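All chains are identified by letter, namely A, B and C, in their written order; residue positions are counted from 1 within each chain.
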Amino acid sequence: MTEIQKRQDRSPVPSAFDYAPAPESREIVSLEERYGLFVGGEWVEPKSGESHPTISPATEEELAEVAYAGPEDVGLAVDAARDAFDNGWSDIAPSERAKYLFRIARLLQERSREFAVLESLDGGKPIRESRDVDLPLAAAHFFYYAGWADKLEYAFPNRRPKPVGVAGQIIPWNFPLLMLSWKIAPALAAGNTVVLKPAESTPLTALLFCDVVRQAELPPGVVNIVTGDGRAGAELVKHPGVDKVAFTGSTDVGKEIQRAVAGTGKKLTLELGGKAANIIFDDAPLDQAVEGIINGIYFNQGHVCCAGSRLLVQESIYEQVIAKLKRRMGTLRVGDPLDKNTDIGAINSREQLEKIRELVAAGEEEGAEIFQPPCRLPEKGWWFPPTVFTNVAQSYRIAQEEIFGPVLSVLTFRTPDEAVEKANNTPYGLSAGVWTEKGSRILSMAQRLRAGVIWANTYNRFDPASPFGGYKESGFGREGGRHGLEPYMRFE
Amino acid sequence: MAQAPALPGGFELPLEPRLPRIGSVDQVAVEERAAALSRRSIKRESKLFALDLAVRMMDLTTLEGADTPGKIAALCSKAMRPDPSDLTVPSVAAVCIYPNLVPVALDRVRGSGVRVASVATAFPSGQSPLELKVEEAAQVAELGADEIDMVIDRGAFLAGQYAKVYDEVRRVKEACGDAHLKVILETGELGTYDNVRRASLLAIAGGADFIKTSTGKIQPAATLPVTLVMLEAIRDVYEETGRKIGMKPAGGIRHAKQAVQYLVLLHETLGTEWLTPDLFRFGASSLLNDVLLQIRKEKTGRYQSPDYFTID
Amino acid sequence: MRLPVKKTYKLYVGGAFPRSESGRSYDAEGANVARASRKDLRDAVRAARDAFPKWAGMTAYNRGQVLYRVAEIMEGRRTQFTELTGDEAEVDAAIDTWVWYAGWADKLAQVLGSSNPVAGPYFNFTVPEPTGVVGVVAPEEPPLAGFVAHLAPVIVGGNAAVIIASEKRPLAAVTLAEVLATSDVPGGVVNVLTGRKEELCPVLAGHMDVNAVDLSGVGDERAELERLAADNVKRVVSNGDGQSPWHVAAFLELKTVWHPVGV
């Protein structure tokens, strides 16, 4: 053997091609020890006297103490919003209103990293998502609606649109800042003022948003943020000073809210749960379809109302797809949300983790076959590995109920008709996915699927210009696009 | 001769050996996936391993009309001992050159473990009569080249004459004898990822040991998404038949950072088994020095200057 | 006493500030302003044509952000523009016009386009697309607000523009070109020519690679220019000075697509 050959033999032998922890620094975020409520442009102490810590789901660390609004606090916030509406906001020139919203959009872009880190810290989602999806979309949402503020007569020709007044808005914990932008941007563009209640487990980006409101010099009372739990939400919904209620969250709570506003004349929009079918035909581009399945259910740990939680795969390619899917699941990384290499972050709360575990146990009990790639989960915090169930019957709980976790149920179909039938066979109707190379089939499926958002050869794509909302028990009303203005307007 | 029946329109693979269906590739999704993988950051220890592997996987290339024995001699020296000041840096996998220079190269690298790969089949255009191309390959094999890089006939491919393309690969493979065959698809001319996948499966059906992206003579040459598509085709062949085919991105890879991205892509798609020069090569020239720069930077902690590395 | 450094007023073509290839200038507002020749105009059209595909290919959101950035930079130069025009209100109006049109970029398709319920198993939709290179003759007055009112609607939809500034009061337009050059507007998307309208307008109206012309800033010669425009069937537009999405629509084509619906 020559010298050179000997040298080559000494080269390091691969054991593993390991990814480094690539942590995003927390330093950019500065947290207060405690937060009050943001009412009338000021930070105020809750009259309820109640506050609780908000917890990082990845480490169970207490991040800050957050106020829990009581009935009086909610009342004060609604009064502030009413006051701002009556004394100025609805009267200022629409083009000036637009400029406030443009400012907010630009500020979110400027402070994007700070918000992204805070979002991952408070909610558990991977920094890659909060940085690359949540923040850009939130800023874009404000930018898009800013442009409508002084063009409403073109959005509703011949209808003389006017703002409704005060909007009470309740948002969930899965996309805290993004849901805030979906609510506040169109409301303000239309000339309304708002009282927004963030989710109990993820208040921090909404609270930081108040600083953006300050920097944008938004008039006091236009945006009011009252943190708290379901009780504060209920107060907001029933307050007579609220003209319109917007809610995103679970179907059960949505129904309660609908009952609560019955007979009051309040406008209502609901964006509720889903159990979307992701349908793969045998002519689909397979490797990309598998990416689409992964993105559909494991993006944001499956905490997505429009998640593709039911995989409907054409029987003729079943074996191939499952093999590719399982192999791809093996490369998913569960871990520290602040690590840029992480694919799947923490489950948002202990309660949610329990729900997921309960449904997964039900799935096993009912006879479905479970697969989870080997995963080393951190000791502290709330985690669940990516999971897929095969051998699932349409009637199993895991095929009917929304799990809201990284759990996929797989069913098969033989023909397009059967796929449509199975996909529609649910009280939900938020979204669906279709994978096929054939254009006419995409359009035919899109026509027949009873869902508000249809993704063809892609999944989980959002844009402020694209209306989003459900059929049936997934809610009513649309957010995004020209149509997203309608719930916030009244017409003479 | 070809066993593929010449059917009008569409390409029918022979049933023996079985191969995966051609299928299609979604451009938007594949480009996103490649981009996402390129943003992975790997451990420092893995980085050194990756850089070392990149050197061992390199086919150090010169394919110029102006190549002379002198130029080849210098290239071979560099190939055998890339960094004279650091003898732990391994040799590259091969030198890649034109047929006329094969004897010179063989002479220089004898005993070093570095292989001699030569292009053939009217490289780079492939626009010559089949018999001449097959004869060229046979002569290059006769000269003693270890590896032969052929080009597919893109004119025939784009005109839908898939059986012709397949035949040529079969004939050249026969002519290669013991030499291992790389088939260049010239992905920059194929137009769509669907075509890249189709050409990959075609070349593999014809007997390729390696499929290679480009001649390096046109843009675009190798890209991460095109590489991903070819690796997925290789994966499907392996799942279906157990055969392991190699892959070589060539052209446009100039920086060590890119090389590492390709290795990450390879590792995520095909796993550890493919992390060897027997199944993956880089077709490059200036890449080597950038990799050496990075190796020295990793070892010393200091950013380096190209002044300290020989050109050849 | 400090001697100020005097400014040279040049053309803005392809993202750069060349003098006229003819070497000529003319006296306007007390300065020597470049007097563009027909060859300058030829170069400007070429630059616009080259820049068009990339600008048209950007997402609408991106284009909207670029126009907003023009407003941001212009806001920073309010004092300079007020000095030039002598009218603060005009400057405010010009800046606000950029903001107004910026907000239209990602809404045009929703207002101007449609999905059409044809009688058959087909999905049919109509989308607006930019027409290409648009020639604009800006009004003489107001020199800044009028210029912006006729430029913004042209480019927000994805077109590239060759615009002839007010002949008597061109300085604000040239200064605006400096704002464009520093606001992420790709070079060639807007090309500003100063000079004698009498020389330049016929060349613009007759240029075979210009897709549409806005002749609002033209006086008596209109009929002759419209005749010249007919040689390549240009879209001839006369937008008022106000703001409207229909001003944008005037420079957009409408494309309708059919696709069968079936399994």
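By definition in this document, contacts are C-beta pairs under 8 Å (C-beta built on N, C-alpha and C of every residue); 3 or more make two chains touch, one makes a residue touch a chain.
None of the values given here were measured: they were computed from a predicted structure.
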Per Cα centroids, the chain farthest from subunit A: B
Pair of chains whose C-beta contact count is the highest in the structure: A-B
Chain nearest the overall C-alpha centroid of the shown protein atoms: A
Whole-Å gap between the CA centroids of subunit B and subunit C: 49
Intercentroid distance (Cα basis), subunit B paired with subunit A, Å: 44
Centroid distance [mean C-alpha coordinates] between subunit C and subunit A, Å: 40
Where subunit C touches two or more other chains, by residue: none
Residues on subunit A engaged by subunit B in the complex (per definition of touch): 2, 4-5, 7-8, 10-12, 14, 16-20, 22, 128, 283, 285-289, 291-292, 323, 331, 340-341, 437, 457-458
Contact footprint of subunit A on subunit B as seen in their complex: 23-26, 28-30, 32-33, 39-46, 48-50, 52-53, 56, 80-81, 87-88, 90-91, 111-114, 232, 239, 263-264, 267-268, 272, 275
Contacting residues of subunit A [partner subunit C, same complex]: 95, 98-99, 102, 140, 143-144, 146-151, 154-155, 416-417, 439-441, 443-444, 447, 464-465, 481-482
Subunit A partner contacts - residues on subunit C that touch it in the complex: 60-61, 64-65, 68, 96, 99-100, 102-107, 110-111, 123, 245, 259-263
